[in-house]
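Next come two complexes, and both contain subunit A; in the first it sits with subunit B, in the second with subunit C.
Then we have the complex of A and B:
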């Protein structure tokens, strides 16, 4: 253990200046600004509509896991983004469905419904806080809502230097909430992401909580082109505070098959797939 | 026969010494030398004092070697320490701790005695601040902090269920605060647990990461509470099992380290009163130092922890060490008075040749007693107490046998005012064969006695005048002991150990009055398969268990996953009170949890149900923490678990702090009796073996048994409960009390053995010498333990009282019952048969 600490501290001592140098030499003149990076990320094509299977594996700190299989649809509308998730398994929550309307207008509260087959009723769920955890995962509603994007309304971004993740080089971007209120709402005081500047997707992120403790690490892998669109297939989130972790696996991603509008209705989630 | 051996000895070994002596002081008293030098013991001690300085140096080195370990001694004041580490109850509790993150929590209460209680903006903001500050305290688990400031409300609406924090926004106005009150009071689970029913207080429960750091954590919490900005009607209390355990150790330690030195000083001071000389004071002090330092040092060297009850060890060791010294010095001054012409070394060897036997016999029986204690108990602290007391006794014996004579042989012969009287008469009484001294014995001298010897003699006179009455009194004591003993109840309580004005007691009382309490008994419910806890039949069983427990008068409430599911069911039914019941299908339960997770933290239910929905925890709040309360509830619970709850597919097991305490405390009663029997049996065997007579064994036991029953009578009639501390009295009473018996029996044997005709006069000789020594022995021990009565710690007071009482009775019983028994029964082993 001591050796390890010694090693890492030596590593830090020697690599620190190197990294900084790296940052300085590459910085400012050549590297795009944080804002530019954000713009590039957010203007990336995500497809107007998508259908995909999502498997969710959650583990607690003792290593016990819960496994969920879902089928999801998402479609961008003029004023909002609509998402629906149908649970396929386990058996006791099969056919449960979750429908969300995320409005572009930040003044509007998002609307959510949950269909509980055991009650045969659709229940409206009050709008979640942006920092609330989404369906027992380690992602917050804001994380889910943003998908592959980053929020320039909430954060100031700054390019710190270069980085590499999953064997790909990229840009190290630091995000700081614009106000303390935003920080509290989101539960983050800082984010540090490694953005692949060839495809403008985040490959690795770390989040610090409002007390400046490392909160989460998000690793994105298996980014592949599907029907011409760069698509992430694996998102692994590790919560350092709780020891809880989540693995999201997307499959059968399809941007081309039409997604009917009426699937985003309370009747549809009641009817099921 | 004697003289040729003497001559050969003189020729062989002691020539130089005797010549030197003769030159210095004139010719030695050949009669004395003849009588003494010919006992093997005399020769042994003569030889052993050949290199006194070497022996003393070695002994000091030994003390230093042992004492060097003492700084590494670690304390362990946890009550878990009373159980072997691999005990199933500890393992289960560890599992519950790993699964649900529950341990001995710190409980912080904010109280407000104003009209709105805590539901005013300031107090709620204070709660929010305090809750968030707790995360910064080292040993507190940030995930294990629950309060109104971070718990979620589950409420219904026309369209569904909402889960949101009670303090979504910090209340700014009285109306905001009142809304919080309405919300909390509508959540049955939290009324009594998180908020007082009358709204006068609210609680923060904080789980610790490492319970061994409870003491520092408690101090940190007190400091945090002190730094809070309180209004005049607000109070912060810190209590809970964690705080209690954290404070308990330091409280006892602080008190013990205050009172133990006093006890030691008092004992040493009494030695000065007894002998009136510097050496009579410093020699016992040296043996005490050696004994205590060696035993505690060895403990540290073996990495044995210093437990709560180890606090009693030093006093016991001091008592044992000083007793040996008192008897040696009494003999020394008596011999010095009889043989004014003896050289230092002669005096030392002669003293030892007389006293080695009772010292050795008492040490052996005491060792037997402590050995009995250590093998009869399963509680590690008791086991180690017995073992290291045993080691201390051995060290005290070693120093008394070799180092004290070495010291005495270096010091000029000295006489104590207390023993001046013997000079004129009776020069060769003790140790002489009966045949040679029988004539002088019949005319026992009547020396002038000091008041202590007079007191002892008076005791002797009364005893020998009414021996049968005293025997009857002894029997009555035993009868009272049986009668009173049956009334003794077993109980143990950490809370009761503190004085009632301690902040932790005030906090504890305040919290337990306003809330369901801070004492928890947990039930771990285990089902077979993942998600079995969604099954209505299992949930109903848990509900029924909670209902059943609620009927017990000592149970203040309980919480489990059932309560949350009912709350969710009610919320999903538009807050209809009738819907406060369990969902009726597996799917619905599962879907409620999914619904809950729509907005809540994934780890929200961590401490009531495991991630697989296979294990659940039921947390029961108890009215009190004492053994009687927890035992009543646990037995009630276990009965229900066995007869009703446990079935194929589901079983419940008691765990948590209350259960651990129950497990070890319930052994106190049986353990006490077993320990007592084993100890008594071993002491009896050792005494019988030493005197080579079963009757002698019984004689030695008689005062001890009387003592134990007298203490039982005291406990039974005054309502002192049998607890860890008070149950220790028996082992110590036996260990120390048997010394009085042995000294008395040994001296009676000597006195009777050398008399042709045994009269009251023969027996009376016991009292001014041995009796006086025993009187001091008793006074030092009784005051050494008696001073514990002034301890702040109630259990130390009880312990001190019980031990002081048993020492007193052991002394009286030995001084009174044994001569009375000798006079009445004339047993052969004392020498009666040969003389009559």
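Then we have the complex of A and C:
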């Protein structure tokens, strides 16, 4: 165990700057800290509520492609953020729905439910399932919940330097899980993200698994203002371990139409849209 | 806007059911016709139609010699009409055909179906059933679901304590998915909010009951715990089931209150229903030919009061159900009761623990116990009956492949059932599976009675939208 800790420490000390893309070491002290970057990302305006369509395209390494159409809603409340996703097609997954309450209090575990039409029951899901992949995609339940935010409750962040993604310059931040338990739960030992510091959105991320192997790459693109709010329209995830990939396409994004409170209930996910 | 004649939807179904429509069907149809007429004729409402078809084929063979047991084809067309204001009409039917005479759709207690829910039997090997036909009408603080539907209560998997609103077909014992074996009923289902609680009220005038296989069908029950065995030399005559037939007075009613409270999903449930199993009341006599028993099956009412809960703790989910049945009727032991049935009460619970500590894996154990209370005489069943279940479910290849083990074990008799299943989704609309069902234990047991029916199954499902 001591050897592992020593190795991990050495890896962290020596590999960070080497992994940083276009790191500018002499500017490092002038750059905002990782925590500041994380705070800026998480305080970015996301609107009080949003509704949107989400198309999911999943491809395996042999080229087999599956498509999903969903409708999603998210709303901020005083004590929590509530998110619900309804599957509209295809038939084999239609009417499946996922509901989560993500509490502001980091001491409180998220509350999650999944409606499975084959059982006609709403199942309570353990919040520690958050590292499991979400319904066959390359996004985990935690990724789905966070959207483009990052978790300061789970990770320590440090700024490594500057970077460039999709022609936009930004800041390279590294995230390391605060505890081994968190790393095991999430399935990540490290993240490396290029954050566009003009709009405080992550444009590109890489994730390493708990054995420190490169696990997946996430590319966020087609970022445009919708109703005055910077909004991603495409998220591409490539899993390097399995060769599987997932493309998420957001459309009909609407921050202004009211989202009813009763859509974030177990009754609503049972009834469907 | 497309126009659809309402009579095209309802009249053929009424013809299928019976030439003697009764008050209840007329009432339900009248309500549906009135609502649908408003929806279809008003220019203020537009609607769109979603349709889909699931077709499946399943081949099964005896495990020990691979001799063919059955080949079954199923077609399930579904239509959903969406109107403005989130009003929705769902129609789901099922056409099923099978090759094995011992699984014939007609070899069941078909009079356990009400006139309004009975499938149409086509020859000896096929059946057509309107599975579901209901209208959903949301309003400010109410949500109405009117028509033929399934209502599922409770938190347990595979073991039923509160999931008793709809009766069930035991044509394939408990091997069919509950979604397929539940018998949907015509009912009024109203949901509303009362403060922090969600309330659901059910009125179920449709008097359908559990459907059991008969006449030496593959899954005809033989356990003496379920079917009384006459002593040698006693002649037996079984009368038709005396079914409750009063539309209003014999209706089932139910009420569920549920809420989310400090991390707990809670519900309180009440049901006033006929027990869905017919009770084989006996009339014993001595005739010139010797002892004679006349069986007069009857249904009896009970109040059911119960509740359910679930919560998550770290890697674990704790869930459970409990129910108290005020009036239970048990098979009496020997001649301890004059009509072979003894009255009492019953308390049941199921306690489940799910563990999700391994990636894409769910391991779940359940303990189910029921206790017969206040019995007026000795019963064939033990006072306490216990069943354990284990579920291990693992998905891989981005959930295109699923491996599942289910083990059910009755600890009173020592019998049980092992189920293994592997399924693979080749495409979004194409799935295949292979499974085995293996019984063990004494033939007196609920599971052991089917020890000769171990089977290997291969299936394929194709969906169209």
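Basically, the second predicted complex is superposed on the first by the 219 of 273 C-alpha atoms of A that agree within 3 Å, B and C clash if a C-alpha of one lies under 4 Å from a C-alpha of the other, contacts with A are read in each partner's own complex, and residues count from 1 in each chain.
Convention: contacts are C-beta pairs under 8 Å (C-beta built on N, C-alpha and C of every residue); 3 or more make two chains touch, one makes a residue touch a chain.
Keep in mind it's a predicted model, so treat the numbers as computed, not measured.
Student: Would you check which partner chain A:187 touches, where first means subunit B only, second means subunit C only, and both and neither mean what they say?
Tutor: Touch partner of A:187: subunit C, not subunit B.
Student: Given the touch rule stated above, what does A:211 touch, subunit B (first), subunit C (second), both, or neither?
Tutor: In the superposed model, A:211 contacts subunit B only, not subunit C.
Student: With the two structures laid over each other on chain A, which partner does A:131 touch: subunit B (first), subunit C (second), both, or neither?
Tutor: Once the two structures are laid over each other on A, A:131 reaches subunit C alone.
Student: Based on the superposed arrangement, let me know which partner A:72 touches: subunit B (first), subunit C (second), both, or neither?
Tutor: neither
Student: Identify the partner contact of A:116: answer first if only subunit B is touched, second if only subunit C is, both if each is, neither if none is.
Tutor: Once the two structures are laid over each other on A, A:116 reaches subunit B alone.
Student: Applying the touch criterion given at the start, work out whether A:96 contacts subunit B, subunit C, both or neither, answering first, second, both or neither.
Tutor: A:96 contacts subunit B only, not subunit C.
Student: In the superposed arrangement, does A:242 touch subunit B (first), subunit C (second), both or neither?
Tutor: Once the two structures are laid over each other on A, A:242 reaches both partners.
Student: When the two structures are overlaid on chain A, which partner does A:62 contact: first (subunit B), second (subunit C), both, or neither?
Tutor: A:62: touches subunit B, not subunit C.
Student: So subunit A touches subunit B in one structure and subunit C in the other; where do those two contact lists coincide?
Tutor: The answer is residues 58, 60, 64, 66, 90, 92, 112, 118-119, 123-126, 128-129, 132-133, 135-138, 242, 244 of subunit A.
Student: Could you list, by residue number, the parts of subunit B that touch subunit A in their complex?
Tutor: 98-99, 135-136, 142-143, 157, 159-162, 164, 531, 534, 572, 583, 585-591, 594-595, 597-603, 606, 610-612
Student: Spell out the residues on subunit A that touch subunit C in their complex, using ranges where they run on.
Tutor: 58, 60, 64, 66-67, 89-92, 94, 109, 111-113, 118-129, 131-133, 135-138, 187, 242, 244, 262, 265-267, 271
Student: So in the complex, which bits of subunit C are touching subunit A?
Tutor: Answer in residue numbers: 52, 54, 136, 143, 150, 152, 154-155, 157, 177-179, 191, 193, 198, 258, 260, 263, 265, 310-317, 319, 354, 356-357, 359-360, 395, 397-400, 425, 427-429, 431, 463-465.
Student: Please output the residues of subunit A touching subunit B within their complex, sorted ascending.
Tutor: Going through subunit A, the ones touching subunit B are 58-60, 62, 64-66, 87, 90, 92-93, 96, 98, 112, 114, 116-119, 123-126, 128-129, 132-138, 211, 241-242, 244.
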